[in-house]
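First the structure, in the form of structure tokens, and then the observations on it.
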Amino acid sequence: MGLLSKIFRTGIVTEAFPPGDPQIVHLVREVDLRSRRLFGRALGIREVDAGSCNGCEIEISGLMGPVYDSERFGFHFVASPRHADLLLVTGPVTRNMEVPLRKTYEATPSPKLVVAVGDCAHTCGVFKGSYAVAGSVDQIIPVDVFVDGCPPEPADILRGILTALGRAPQAS
Amino acid sequence: MIFLLMVAGYLFGALAALLFARGWVARWLTAAGAIIGGACAVTLAVAEVFGFDIGSFQIIVVLARRPWWLQGGVIQDPAQPLSAVFLGVVGAIAIPAALYSIGYTRAWEGRRSLRMPGAMLNLFLLSMSLVPLAENILWFVLFWEGMAVTSYLLVMTEAEEPETVHAGNWYLGMTQFGLGFILAAFFLLLPPDGSGDFTALAKHAATLSPGLKSLVFVLALIGFGSKAGLVPLHVWLPSAHPAAPSHVSALMSGVMIKLGVYGVLLFGLRLLGGGPAWWGGLVLTLGAVSALLGVLYALMEHDLKRLLAYHSIENIGIIFIGVGAGMMFLSYDLPALAVLGFVGGLYHTINHACFKGLLFLGAGSVLHATHTRNMEEMGGLIKRMPRTALFFLVGAAAISALPPLNGFVSEWVVFQALLGGASIPQREVAVLMPIAVAMLALASGLAAACFVKAFGITFLGIARSHEAEQAREAPVSMQVAMAALALACVVLGAAAYAMVPALGRVVAGLAGLPPASAVTVSWSLRVPLSAPGAVGQISPLPILLGLALLLVAIPIGLWLSRASRALRVSDTWGCGRIAQTPRMQYTAAAFAEPLRRIFAALYRPTEDVSIDFHPESRYFVQSIAYRAHIIPWFERYLYDPVIDRVIAWAARVRAIQSGSLHAYLTYLVAALVIMLGLLMLWGS
Amino acid sequence: MDSAFGQLTVLGSSLVLLCGLTLLWRRGSAAHIGAFAAQSVALAATAGLIAVVTGSRELWVVAVILLGLKGILMPILLKRMDRRFGSPRELEPYVNTATSLVIGGLLVVLAYIVTWPILDVSRLPTRAGMPLAMGLIFVSLFVIISRKKALTQVIGFLALENGIALLAMLGTYGIPFIVEVGVFLDALMGFLVMQIVIYRIQETFESIDVEQLNRLSQ
Amino acid sequence: MPLPTGYTVAIAQTALALFLAPGLVGLIRWLKARLQNRRGAPVWQPYLELRKLFAKEVVVSSNASWLFRVAPFVVFASTVAVAFLVPVLAVPSPFDPVGDLLVVVYLLLLGTFFLALAGLDPGSAFGGMGSSREMTVAALSEPTVALAIFALALGAGSTNLGQIVARTMADPAAAVSPGYLLAFGALFVVTLAENGRLPVDNPATHLELTMIHEAMILEYSGRYLALIEWAAWLKVLLFFSLLGNLFVPWGVATVLTPSALGWALATLLAKLVVLAVVLAVFETRVAKLRLFRVPELLAVSFVLAVLAITVSFLVR
């Protein structure tokens, strides 16, 4: 009973997007219209940590939490790339994760999108040139959108995903 | 005429095996004899059960009556429909088993002669066919022993394996133990004039005191229960059945143990004419316990054929649940429900013969292809043996009581009989029924789990050994045999409309059950299957057709709705691991692990894990050996003490063992004198 | 009227019994105390129901006492006791939980079997609940036998007392008031004595696992 | 205007069940999101997911056999077949004599059986783990189901669904009888176990090692996944209809007039919403059990069923 009353006292905590960011609101509306055709506003996301410092992961898990609540846009994180439509890749791709990343990409049924999250995924960041790093994500698999930042905020990641959806091929 | 042809067929097969011994001629002729015999047996049984007049039984009576000491002959006139059911079961499995043996024994060429196994197979079939037809003690016991001896010799086919010898010893011991009880039961029933005729026995039994009748029944239940494999008399079964060649396993598991059921019905209904409620209660309880323990031990088995043998114990349990419920209802004068119980038991007898025969033949094909019975070395066989896999899948679904196959329909009838148990006036007895329902439901759920394991580990996934990788599809004759039985599983399920009333007629008239007209079901798609006393209705045929229709309609629907048809083949998803090896798969032991832990109170599992570390570092493992054992309760705490006692006693008796022929002759004479003396005392 | 009344008493008795079975299912002391409190409330409600229908004033008093003493007071005392001793979890019982539950179910069936002869002669509309009360008595005894922690055993004992009270109410429409009060006082005394004993056990062995008492024999 | 025949209604109610199933699951998810103080996906989200999955490519493991491709169809077909038998809107259905409650239970087991086999087919460790657990839970919930059926059959004198509904409608007092309530409790726990809901299985988990149902279908994608998911959602709806219509049958149409059917639809929706709220609140309250404590939960439901039977014996 205590739990239930606490739930009701707290109320919905999901934030609307900051009003000062009309661009996102616009993007959401626009993408909503477009993505409805292909992914029907239902997007399965598979997160792949290709060697990140877990900074990006913390931000991504913020995306799933009640404040950002990505589920309201129909995004949900799935347990297997077979169920996924979009791969969210973080970190510079280490040598150990090169093959797994490629395998994950292969395992994902098309049509599929790839969003690389964080500076490391784009440029390898401070790990650039390390003997343990195989390269940035786009050197291993085709990437649709990069989300810059170290780490990027959940809102940025969301924007990146929405941008990728905007670029998605449209179903007839 | 047909009866004679049946006998002649089996004898011909036996003779052919003895004469030719090897080569394709021997294989084909041996099988042909058995197939002719089986076909005749089925014809006789169908004619009798469904009431076609082929006028054959009368002939045999005349033939068999000739010698004075037979007193009544082999077959009663008219034959008992109950016997006909069991005769039919023998014949129905004999045909595919014989067909199967053509391909199966081909692998013996050059290694093993067909002389003994072929001849014994036919004689085994002959004696099994004649057991239910015997109408007096002498013939019955003769055929019963014939069946035991021939099957023992068949079990010993691969006598070079020590395991086989061990299994054979157990089998021989238990079967003779059972025979002792059967003989005792018969002799207690023997009328004063010494006529061993069953009709005379039944007449004499009516005059016996209730206590003596109960004693006879219990003796018969022990005797026939040991043949049927009722817990705790089942210990021989899981070792003897797998040791035999697979087509013989199919016959032993599918048919021979059913004659134990026949024996119980013969005594309980025909000879003793029903009895107090506790007889039925005892049978029901033993059945429920066997059903549950059978499947629980099956779950722990990784030897495919042993697993199937444990499932025979489970299914015998289900049959006895039906029979026991029927006997209980009979004693409470609830004839309609009693018929339902017996019909459920008999129907399951027939169905189990089909799917267990099928499964053993399937296991035989796997053994034939991979040369192992250990499931942990199989895997991926569905790609190399697609047809065997399909047939085995049908059998697995049938034994798991999945609709619309036959196993479901007969279990449904048994369930309905038990649900009717609420009408038993004595409530403290009636509570047995829900308990039996719960145990039966648990057993059937666990059976489904067990067959997901059996089929999944054996046929699905990736091959776990070189042999499994090299497996090849079974020869055509084996495939045809399995296909026939798989078809039978489907047809027997859909044919419930004909089977239930026919079986109702079979038990009608036995021990005061109502006449056949009380059980009627007309043949139509719309008319559901329901029997008097049952509380529910089902229609197996529309279920079958409906599922088939849906299976066709869904892809068409997908096609019409223009769903994507793109398909790509890729690796199995394994969280991005580099390469997949067979060892990454779930094993049979792993599959059963949750249940092993849940039923730990029964299994008392002990695990022993030995890890071989790399000499340089404990972080690198070179090999891990994992062994899990469960306590074999019955062997350890029931049989071992008895055996030890017997051996100790025998050691004491050994004192008179001198090795001198004269001493032995003296013993003989002494025994003779004592016997004569006793006889004289009796006479005076 | 009668049948609806009978149904309701059976419902009440079932609730009382289910709370007893909860003792076998849950492991935490808090859950056990809660189950006992709920059981006492259900018992009081059943007593009140019978009181309404029969118009017995004594039963009203009994219901109120039940509610006050067992529904409110004893749970508070139990909670206080629980707070004194650390381990809130039941120690691994002699019989595992799933098996205990199945045994509990069978005990209820047994209770039905033994009370059937009474039911056949009884004409009371409340008779249908009697096997459940008997079942609760069996189940509580089983709790006392199979659980190791002294606190759980105390609760089992109290549940047993509830079962006896329920059986008395259903079987005779309430035993004489004075006897009832006497039983209550007995139970209260027993409870206090046990409380003291538990303190002693705790002091001596620094645990309330009654298995520790085995050490006394050595 | 001629009245609709029984067959039309039976087929229509199956179609209705198929149509409503994703919405029901969407509602449960939405309620749970609200209870977690989130805004959550809209109720119609599962429809969008289905549409997306049907449009996607299928990726099949190279180790998988034909069984892997057949299994989704068997799972879907067996669940739809059950939908024909369960009273959703009207009784007695012309399909009522085709199958009783036992057929319903075993048809669902047929789907589980094939799904478990499909889990083993690609040779992945997760799939085997899922099948093993799923079959364990399914087997252990079987006795409870059988006993609950027994209890219902004792009350109604039949295992056929139409008869049970008709009987309870004729005798309203039966619905509050302890036997029925206990059987309801037992079946509710079984509903949780069979549909992979908390506390037996977490439908929203991403951790392979804690999965049961989800682990078996990790390999499925595209239209196959859509069929399996849809079947699973339909199963939830069917269990809810059973709980709602067997134990609280009021509203179920006994005559096939438009007004009766309309009323039946309204009451059905109300029952589904109530059960969805109950489930969502319950799932928010409880934590997932360890796998080896699941048998304890099932033992509780078993005891409830045993009590239901013993109590029913007397009411009889």
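Chains: A, B, C and D, in written order; residue numbering restarts at 1 for each.
As a working rule, contacts are C-beta pairs under 8 Å (C-beta built on N, C-alpha and C of every residue); 3 or more make two chains touch, one makes a residue touch a chain.
Since the structure is predicted, the reported quantities are computational estimates derived from the model, not experimental observations.
Enquirer: Suppose chain centres are the mean of their C-alpha atoms. Which chain sits farthest from chain B?
Expert: It is A whose centre lies farthest from that of chain B.
Enquirer: Can you tell me which chain is nearest the middle of the complex, judged by mean CA position?
Expert: If one averages C-alpha positions chain by chain, the most central is D.
Enquirer: More contacting C-beta pairs: A-D or A-B?
Expert: A-D
Enquirer: Would you mind pulling out the distance in Å between where the CA atoms of chain A average out and where those of chain B do?
Expert: Whole-Å distance between the two chain centres: 59.
Enquirer: Just the number, please: Cα centre separation of chain A and chain C in whole Å.
Expert: Distance between chain centres: 56 Å.
Enquirer: Once you find the CA centre of chain A and the CA centre of chain D, what distance in Å lies between them?
Expert: Each chain's C-alpha centroid was found; their separation is 34 Å.
Enquirer: What's the distance between the Cα centroids of chain B and chain C, rounded to whole Å?
Expert: 49
Enquirer: Give the residues of chain B touching no fewer than two other chains, as numbers and ranges.
Expert: Correct list: 427, 431, 566, 568, 570-571, 573, 575, 598.
Enquirer: List, in ascending order, every residue of chain C touching at least 2 other chains.
Expert: 98-99, 109, 112
Enquirer: Check each residue of chain A and list the ones that touch at least two other chains.
Expert: In chain A, the residues touching two or more other chains are 80, 82, 107, 109-110.
Enquirer: Taking the top-of-page definition of touch, could you list the pairs of chains it picks out?
Expert: Contact pairs between chains: A-B, A-D, B-C, B-D, C-D.
Enquirer: Would you tell me which residues of chain B are touching chain D in their complex?
Expert: Against chain D, chain B makes touches at 379-380, 382-383, 386, 389, 393, 397, 400-403, 408, 412, 415-416, 419, 422, 427, 430-431, 434, 437-442, 444-446, 448-449, 451-453, 455-457, 460-462, 528, 530, 535-539, 542-543, 546-547, 550-551, 554-555, 558, 561, 563-564, 566-575, 580, 582, 584-586, 590-595, 597-598.
Enquirer: Quick one: which bits of chain D touch chain A in the complex? Just the residue numbers, please.
Expert: Within the complex, chain D contacts chain A at residues 33-42, 45, 48-49, 51-52, 55-59, 205-208, 211, 214, 218-222, 225, 281, 284-285.
Enquirer: For the complex, give me every residue of chain A touching chain D.
Expert: That would be residues 3-4, 7, 10-14, 38-43, 66, 69, 71-72, 74, 76-80, 82-83, 85, 107-111, 171 of chain A.
Enquirer: Which residues of chain D touch chain B in their complex?
Expert: Per the stated touch rule, the residues are 54-67, 73-74, 76-78, 80-81, 84, 95-103, 106-107, 109-110, 112-113, 116-117, 119-125, 127-129, 131-133, 135-136, 138-143, 145-147, 149-150, 153-154, 157-160, 208, 218-219, 222-223, 226-227, 291-292, 295, 302, 305-306, 309-310, 313, 316.
Enquirer: Under the definition above, what is the set of chain A residues touching chain B in their complex?
Expert: 48, 80-82, 97, 99-101, 103-104, 106-107, 109-110
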